[in-house]
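Here it is, the structure, as structure tokens.
The first chain written gets the first letter, and so on, giving A, B and C; residue counts start at 1 in each chain.
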Amino acid sequence: MTEIEKKPAGLSTSSLETDDQKKNASINFIVSDYNFEKFMMMFILGTTGDAMDVKMNVFFTFWGLFNLKKDAKPKVGNVPYRGIPMPYKGMATRMFKKRLKKFGIEDLWGMLRDAVESGNLKLYPCQMTMDLMGIKREELLDFVEDPVGAASFLEMSEGGRIVSL
Amino acid sequence: MTEIEKKPAGLSTSSLETDDQKKNASINFIVSDYNFEKFMMMFILGTTGDAMDVKMNVFFTFWGLFNLKKDAKPKVGNVPYRGIPMPYKGMATRMFKKRLKKFGIEDLWGMLRDAVESGNLKLYPCQMTMDLMGIKREELLDFVEDPVGAASFLEMSEGGRIVSL
Amino acid sequence: MTEIEKKPAGLSTSSLETDDQKKNASINFIVSDYNFEKFMMMFILGTTGDAMDVKMNVFFTFWGLFNLKKDAKPKVGNVPYRGIPMPYKGMATRMFKKRLKKFGIEDLWGMLRDAVESGNLKLYPCQMTMDLMGIKREELLDFVEDPVGAASFLEMSEGGRIVSL
């Protein structure tokens, strides 16, 4: 982790290189958690939006960045309902994955890559999180964009909606 | 759980039947957790918005769907502050409910039904969650709308705001 | 906690005094959790937005209100990733704070105050939460605005974006 320009915080990282394509995004998601539920919300909205030709940016910050690692395996974070017979998070995750297959949803990262390659979905790692956690570009999936800071995120979401999942 | 149309994920369920009324909604909430805090945020914004004649849709997905079950009893999910003398989630929930009575807030589901019946608030169960968790329409409160998928949600929120609580 | 006007819930508190300045806010954040992650998201977006001259309101409700107390010390809420060698939340919090210093981010509340004093950022305590939890105005930081209710929040966010962090 190197020492970089100081304050204002969000401006300290590769910002201001926003292009027109980004500005046109209709929805700008923020993912800050690393669990199966939030990953799936991003996945379903991202792939569905792609099928509907909606332009979307997703900004992965804090624990959310781990969803973009090559070895990502988000697990169910909460099992809040007594009525559901699933005592363990790992078990619950496997059960959901098995059931999702019936919907034709199996290769999660492959489907995500398709949505990215169609040009509708862009996945942005948070630069500051990478620096804070010592995560390198090569640890991330190859179809994510270059890391951006908070200033870039605010700029690219101008005129669009912002949704923190 | 029956096998239904495959990919794209969000399009697999009863989508595309969006009518004009839905398109006019000013705020489109997403509720994905099942706990007292998030339920109350939805409740306060929903009933307050109704009083102000704001059109609102709420989309209940993942654990959030359990808020719409006839036997729903969301409990406090977090008690993060040492300064508060409430060791147990059930106790904290009861304490909040008792204090809410002083604000005239007692029959939570009755007040929610009123906001729905006024036509300002619409509560949508997520179709995929119902299929994934094996929850049937008759287990849900009678004043919720028919289930919709992610594509419907994206369509009905066009032109409005999206807020994931 | 005094008994105040009854229903509709959000209208029961000091609402409707929205002025033009508030209406112009581009982003209206909701913070309902009390932990380091959500505090930092608000902090980074708030101070970065200030540097970019973006008008922002932040509404602190439920546990989120504790971020505004004079003795606030939000701690890391989740350590979801096995790969990270930080067994304890307090330890993780200290580690992040130490690393943030390298970005020039040390005096968190001082920097927040600067953004407030520049006129771009306004921090609103939720009136109902203060009543529910018995928290008094004098327990809160001196640079926060007067408490508002849900109706005020909905009014002041009209025309702007709403983001629940």
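In the analysis below, a contact is a pair of C-beta atoms (placed from the backbone, for glycine too) under 8 Å apart; a residue touches a chain by one contact, two chains touch by 3 or more.
Computed from a predicted model, the values in this text were never measured in an experiment.
Participant: Any idea what the CA-fit rotation angle from subunit B to subunit C is, to the nearest 5 degrees?
Facilitator: The rotation relating subunit B to subunit C comes to 120 degrees.
Participant: At the interface of subunit A with subunit B, does the proportion of residue numbers present on both copies reach over half, so same, or stay under half, so different?
Facilitator: Different, since under half the interface numbering is common to both chains.
Participant: Calculate how many whole Å lie between the centre of subunit A and the centre of subunit B, each centre taken as the average of the chain's C-alpha atoms.
Facilitator: 24
Participant: Subunit A: which residues touch two or more other chains?
Facilitator: 161, 163-164
Participant: Report the residues of subunit A in contact with subunit B in the complex, numbered from low to high.
Facilitator: Going by the criterion above, the answer is residues 27, 37-38, 40-41, 43-45, 47-52, 54, 78, 80-81, 84, 96, 99-100, 102-105, 111, 161, 163-165.
Participant: Okay, in this complex, where on subunit A does subunit C touch?
Facilitator: Contact set of subunit A toward subunit C: 1, 3-4, 6-12, 30, 32-35, 61-63, 66, 77, 128, 131-133, 149-151, 154-155, 161-164.
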